[in-house]
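Some structures to go through are shown next.
Each of the next two complexes has chain A plus one other chain: chain B in the first, chain C in the second.
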Partner chain A sequence: MWRRSASFVLEKYQLPSSPMESPKSPQSPNPNPNPIPNLNSTHGISAYYQTRAEHHGVVTSDWLAQAQAAVEPPSPPSERTSPGSGKPFSVIEEFNYWRKKPDLAEAVAAIMALAAVIRSSNGTTMMELEIELKTASDALKKGDRSSISLSAGCDLFMRYVTRTSALEYEDFNAAKLRLIERAERFGEISLKARRTIAMLSQDFIFDGCTILVHGFSRVVLEILKLAASNRKLFRVFCTEGRPDRTGLRLSNELAALGIPVKLLIDSAVAYTMDEVDMIFVGADGVVESGGILNMMGTYQIALVAHSMNKPVYVAAESYKFARLYPLDQKDLEPAIRPIDFGVPIPSGVEVEECARDYTPPQYLTLLFTDLGVLTPSVVSDELIRLYL
Partner chain B sequence: MPDVQALVGDFALKLKRRKVEGSHASARQTAELLRSVVSQQRLPHAGQAAVLIDAVRAVGEQLIAANPVELAVGNIIRRVLHIIREEDLSSTTTAMEGLGLSADSDDDNAGDHEDRPALSAAAVAAAARSALRAPSLHTLLEDIPESAAVPHASSSGGDSEGKSKSADKSLKSRKLKHDVIEAINELIQDIDTCHEQISEQAVEHIHQNEVILTLGRSRTVKEFLCAAKEKKRSFRVFVAEGAPRYQGHVLAKELVTKGLQTTIITDSAVFAMISRVNMVIVGAHAIMANGGVIAPVGLNMVALAARRHAVPFVVVAGSHKLCPLYPHNPEVLLNDLRSPADLLDFDEFSDCMDFASRGGSPLLHVVNPTFDYVPPNLVSLFITDTGGHNPSYMYRLIADYYSADDLVVKRRSTS
Partner chain C sequence: MDSRRAPRTVIDPKVRQVGFVTPGAPPARSHSVPTDACSSPPRAPDFTLPSNSLSPVMIPPARHASADGIPVLTRASAPVPVPSTTPNPPSPLRRDGVQIPIGSYNPSESLGTSPMRSPSSRMDGLEFSEDMSMVSSSRLARSSSAKAAAASFPGTNTEMMAAGKVVGNVVPAKSSLTTASVVKTLPGLSDKGDGSLAEVHGEAAGIAKPLKQKTSKADRRALQEAQRAAKAAAREAGGGKPSGGTVPSNAAKGEFGKPSQKKDAASVSGANVVPEKKVADRPPEKERKKDVPHPRMQFDDQHRVEKAKKRAVVNQSEARNRVELFRHLPQYVHGTQLPDLESKFFQLDHIHPSVYKVGLQYLSGNITGGNARCIAMLLAFREAIKDYSTPPEKALVRDLTAKIGNYVSFLIECRPLSISMGNAIKFLKSRIAKLPHTLSESEAKFTLQSDIDRFINEKILLAEKVIVRHAVEKIRNGDVLLTYGWSSVVEMLLLYAHESSKQFRVVVVDSRPKLEGKALLHRLLSKGLNCTYTHINAVSYIMHEVTRVFLGASSVLSNGTVYSRVGTACVAMVAHAFHVPILICCEAYKFHERVQLDSICSNELGDPDVISVVPGRKDLDHLDNWAENENLQLLNLTYDATPSDYVSVIVTDYGLIPPTSVPVIVREYRREQLWM
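Let's turn to the complex of A and B:
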């Protein structure tokens, strides 16, 4: 909060120079290390957004180098706690392996990693298994604080495990097998969720409408694919989506489906908003208030849409619901992503490197989830039913 | 069931010809019709709920197709389907608990269920209950085939129990029908008494020396205002006449006979008068799942005026008007266009509207829509027979009254 006061200039000089933990490799695009300690450098680069960028396939080369540097697994604590496990098993490595697959949602990768933990566990009771899972899940969350779907997926799986263990399976191995089977089926659940969402949103796309899309969400892509295959006539405006260039990637996919696409730079959203009939975005996470966390720029677009009375529709699977209640933008764990401006930044100039923003629920019209079409106020109800 | 089919056909025809007016009448007649359908439906021994649901769905599809704009018909059909599912579930739960105790001893008989010997009856019942509820985060990782095995377990478990249970079975079949019909009777009673229950809350909302605005004539609003008057509140009412039907005139007369000070204004004068009004109370044709309201034409304008002047906009409606669907193009899809004769006199305008001249396309078009859509952010409060609610709370009531499976009422080709 103090950062917003006018005394920010003084304060920056007074801050204790934090140890430069951030993996700023020498090839960083910011060649001159700032004399003013960058406040953001205390948090690491968000591995979640790096992976998403890799999925988008349009990355800059020095960016990739940073990605490699950032994604080194710290010594996994799960190794030490599981008694008598001879082989080195790292839940974080497992997670990174799954996460790199472009078609897999983040929460699915987390649950696959936890399934691997169960498989490699040598415990003989449900309590031991639960403890191992808890440690693994904490390790995963600590490894990447900025990913909401990761922590939501871990929490969901942990709740499921604790509930299933109450079902009095006489045979521990049967229970274990069942948990592994359910976890591995979760990938199917996730795909089914996407299809359900696509079906629910079909009615809202009418012939001759113009849809504005921001960010590259696989769920939104599924929605548009289904609408195109249902022979609806519509056109799509894609925002460019700096710095990941998500718009380019998305427009490739849409053009391949024969949908008329128009690319806009991010600043042109307000200019074209009167031609737009509705906005579709995905979500990285859905928070308890009913608001969403999504790629930087979503809040801006929602504000413009609200002022021009255009509906904003969010497509998110239900496992992205998280028990967070951010009160403002800075309340969240910042997800840092270095931005490549193409030209060297002059020294003394800071860059806002956060990759995501929070859109409050009053700017959202409806959420399409696999639990049905929801208004933002239903989200907290669902979360309460799960967690309390 | 030839005479039931005839009844259904009659009713569908009446709906199509708009002979049945108003959601109250439509809801009541639909509920009575479904009651006859259920009572005359012959049920097999096993899978009764499915047969009932199928029968109701078939009738429902016909009725909804006859008048898709009359949402109360669809609401009642979905309510009845939900009732059938709930009654079936509660009878299954009690049956499972009874079976569970004996199944433990008859473990050898239940040969098909070796894969799940350790599941307690409570767990199975819980799974069945979760299958009834809308999908939630709670059940996201649950196995769907597990809950599908539950009715299978109950029926084949019953067979393996032997003849001693067959007497229980026929008792159970009569019981399900009986329960469903009782629940439908309760529903009909709710529909009938909704006005009283809403009017009971009138005195909490209308205070001394207030000025209330309303538009057109809604029976619920009339009873609401009269109930407050009975409780010795003195207040004034502005009635906007509600062109082109001018039902506001009828309402004004009724209010005057009850002793209320009334003023009639034209619809266009609403914006001018709204600053002098304390509260707007209106009725609705239907309430959608997002809290939006399908209301008689002109009410969107009143809602905007009320928002502009920070006047509370209160909607009173019985719970049979609560619809689980989300409106995606309500101005077009959920609207009825009535005859232009309400607006224009044919004698004077017959030459403008002549389809024979000018190559079959007249220059004068007359549009007479029946309904307006009021978005949820303009509504301050909903008063239903269950109490007063926020528009963002409607989803909760919907989850109580309806099942997620029934949103699309289409008969399944495979039973």
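Let's turn to the complex of A and C:
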């Protein structure tokens, strides 16, 4: 599936100055000074959303100053991933290292960590290596069950890397080199995915349009950034994104880019839908039916948009394609996230704490992925081709 | 010849091909026989290869191309295939030659291998016929040209001579025809020509020559007519012991042969000159129409129905008052077929007893359900293959294919095939066609039997288990599951979910006239499940408490349409209106590449009497003599088509897929299955 990755569009356009800096860039927002919580210490609360909150939380200036003082400069990746380093290799550590980079999606961090597993493997047979890889990916997945892109990314990596005919013919070292090569290619594609998607989606943004976005999605931000740098004239409606107010953060970023932004409360979607030309959302995961799992509220926005005949576009990297098939909202393990209502909750009142919902494919218009612009039904075709 | 066989094993792809790959890309160009004897051999591989690289998923190469591939010289030497295929049993290289034994031991079977009576020609009611007939026709083209090539090699002369000697030993009466034809092609080859048949040969050549410029199909048709005419004439002229036995038995088996063939034979026996005229007079359009296999037997076409009746084994009287919209489907007066067939038991010696038994079971309704019927049929075929022995002077591949074709058409007469059976037949036939030529008969039979076992195990039984494992994940505690009718997979699923101690309740919806749900209900209750039983009339009432709908399917078509027992669409529609997820459990071997938009084009009509009679209600006798009323038509449909919009997910052995992905499965796996 990645053979046909649409990342080639990037080669044509040499971005003069990429707004998205490379992960190692010193300009990138500082990582969280607090140590990343141990992956296994999640007591029902979604680690995925914890990481997201750490990455996207509305950052105050004094907190930033504290963070800057506390953080030590991250060691360069080459040092970390060299197989000859003295201490025993731990995939979780590696993953946490990558995860600290705010621009790096969790799945890409996992992919990088798995690639490092191959590189540092001491196995002497293919089987050994495969088992090693499997245990590593299981460890990663076990750490955070609620992250769909993490487990999907691990699965896809395993499939992509190990499904090569070279394994049967070559000797071990050659095969291992080939695996590393494939792993690196996969990581590279995953890294480039966001920019690929941004390039592909430019045709859909026209001058004078109004775009509704929900939550904070790095892909959507990248798309809007690129559209702004292409001198497109459009305005953006941002939902507030309760409870973690991710919409505020997005509106902040967009305003800094000089894009006209309007902030809505989450319940004002239907009220403003008349003015909206298109909806852009990201996705936590894209499931086999072609529907998406995304931040709570996406489903209702899609429903409103569908009833008003507005197109709903989803921007999602292909490593988020998961082998899941939810039949309805409750058909998934809920990702629990505590909600702060600002006031004490009366006793005896239940709170719906699920952080995401499932939007069925019939309410989605198109998916922008690094494989190209797809209709929802193609997702399953791609997954079938890869997994079966 | 040997070098020509070699690529066959090479080009069989062992890897799965993804995307658009030209099947059997010509790797064997270098294998073409190097000869200058005639212009034809170098072109031969171009049209011989597709015959073994054909898959029903792919668009078969145009038949015109293959016909055009037959070089001019072959046409000029039209009768060559007839003589050159006279038996050469010791040589395994000739196994798939066109075997038209002359005066051999079983005339009816020898006719069976004749291409004009290829099994597919009798499978008009079946959509699978096209591919097989494609195969057989291209095979014919291949073998005939191969023979032509072989005949023109200097190197094969000795072989030909040897063959001629064998013929001379076995059937002395016939050898004259053989050699006469060969003489015409290769003047220097043989001097055994018998003057007695000179006019037959001249006549055949005379037919072939003027047709040279005509279009391909008509041409080939004429060629075959000519061969047949020559053969019939030979039989006449021979007048020896074998032909004396042949003619009457052929007439007796007339129900078997194509009507046109019978006619030809009759007219030939009258006068030798007639067939020539017939062939010349026939307008090419009609030829073409006859040559192209009809995609599906239309039973409102009087002409074709008459013809079909003539060759039918089962005596069928059609129901009279048929609904206008469904006249294209077969409908027979119930109860007339079974006694007739039973009385014929000792006459139907060409049908293997196990196949016969299965046919009777279909007819009487003892075996129903897509999987059960498919398994029963495959087991019967397995028995038949076990007892099969290749008649002398025949190739196992061709003869067995024809035999299976016979069985299939017999089964169709008993009850129209389900799509699952069609797919299984397609599988079996492709396995037979792809048998390595080096296998001995017992090895080949063993291979086929194990193939059938494997198909039953992997594609049906194991697939069911996998589906159950996939589907059970979608059952949560406290669910209310609704199912309609009785599907074997759904039953397995419910029992398995119960065994894995999930807490749920089952609503069994049923409908007249089959009331299959009662059987399911009985089995579920005996295992201690909590059930509700209702008729389809109440489905809209019961639906509001249902959380999942599990349905079986007879087939899933390429556009996601679910083809299943009648009433399924109704249940699915109601469930959709109530926003209840609908899960279709269907094995991937039942998927079909056809697209269907309604339940009218292709369906099966059940016995109309069963809906007019209400068992246990003697007072409801208003419809007792309904058949005499011209104004009344009863419709008892067997299947209906559920649009893919209503289907949430299809649970198959490849996992859970949305209905939009059915073509992907068909494309990616059907081919693999055929190549298996």
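Convention: the second predicted complex is superposed on the first by the 284 of 388 C-alpha atoms of A that agree within 3 Å, B and C clash if a C-alpha of one lies under 4 Å from a C-alpha of the other, contacts with A are read in each partner's own complex, and residues count from 1 in each chain.
Methods note: contacts are C-beta pairs under 8 Å (C-beta built on N, C-alpha and C of every residue); 3 or more make two chains touch, one makes a residue touch a chain.
Keep in mind that this is a model prediction, so the values were computed, not measured.
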* Does the superposition put A:Tyr160 against chain B (first), chain C (second), both, or neither? -> first
* **Partner chain(s) touched by A:Ser377 [first = chain B, second = chain C, both, neither]** => both
* Asked: Looking at the overlay, what does A:Ser147 touch: chain B (first), chain C (second), both, or neither?
  -> neither
* Determine, under the contact definition given at the top, whether A:Phe206 touches first (chain B), second (chain C), both, or neither. => first
* To do: On the superposed three-chain arrangement, identify whether chain B or chain C touches more chain A residues.
  => B
* Asked: Given the touch rule stated above, what does A:Thr239 touch, chain B (first), chain C (second), both, or neither?
  -> neither
* Touching A:Phe321, do we find chain B (first), chain C (second), both, or neither? -> first
* **Partner chain in contact with A:Arg385 - chain B first, chain C second, else both or neither** => both
* Overlap the chain B and chain C contact sets on chain A and report the shared residues. => 377, 381, 385
* Of chain C, residues touching chain A in the complex -> 15, 18, 474, 476, 548, 581, 583, 648-649, 654-658, 660-661, 664-665, 668-669
* Structure fact -> Per the touch rule, the chain A residues reaching chain B in their complex are 156-157, 160, 167-171, 174, 182, 186, 189, 203-204, 206, 318-319, 321, 366, 370-378, 381-383, 385-386
* **In the complex with chain A, residue positions of chain B that touch it** => 117-120, 123, 134-138, 140-141, 143, 289-291, 326, 328-329, 376, 392-393, 395-396, 404
* Inside the complex, what are the residues of chain A that reach chain C? -> 165, 288-290, 323, 325, 327-328, 330-331, 361, 377, 380-381, 384-385, 387-388
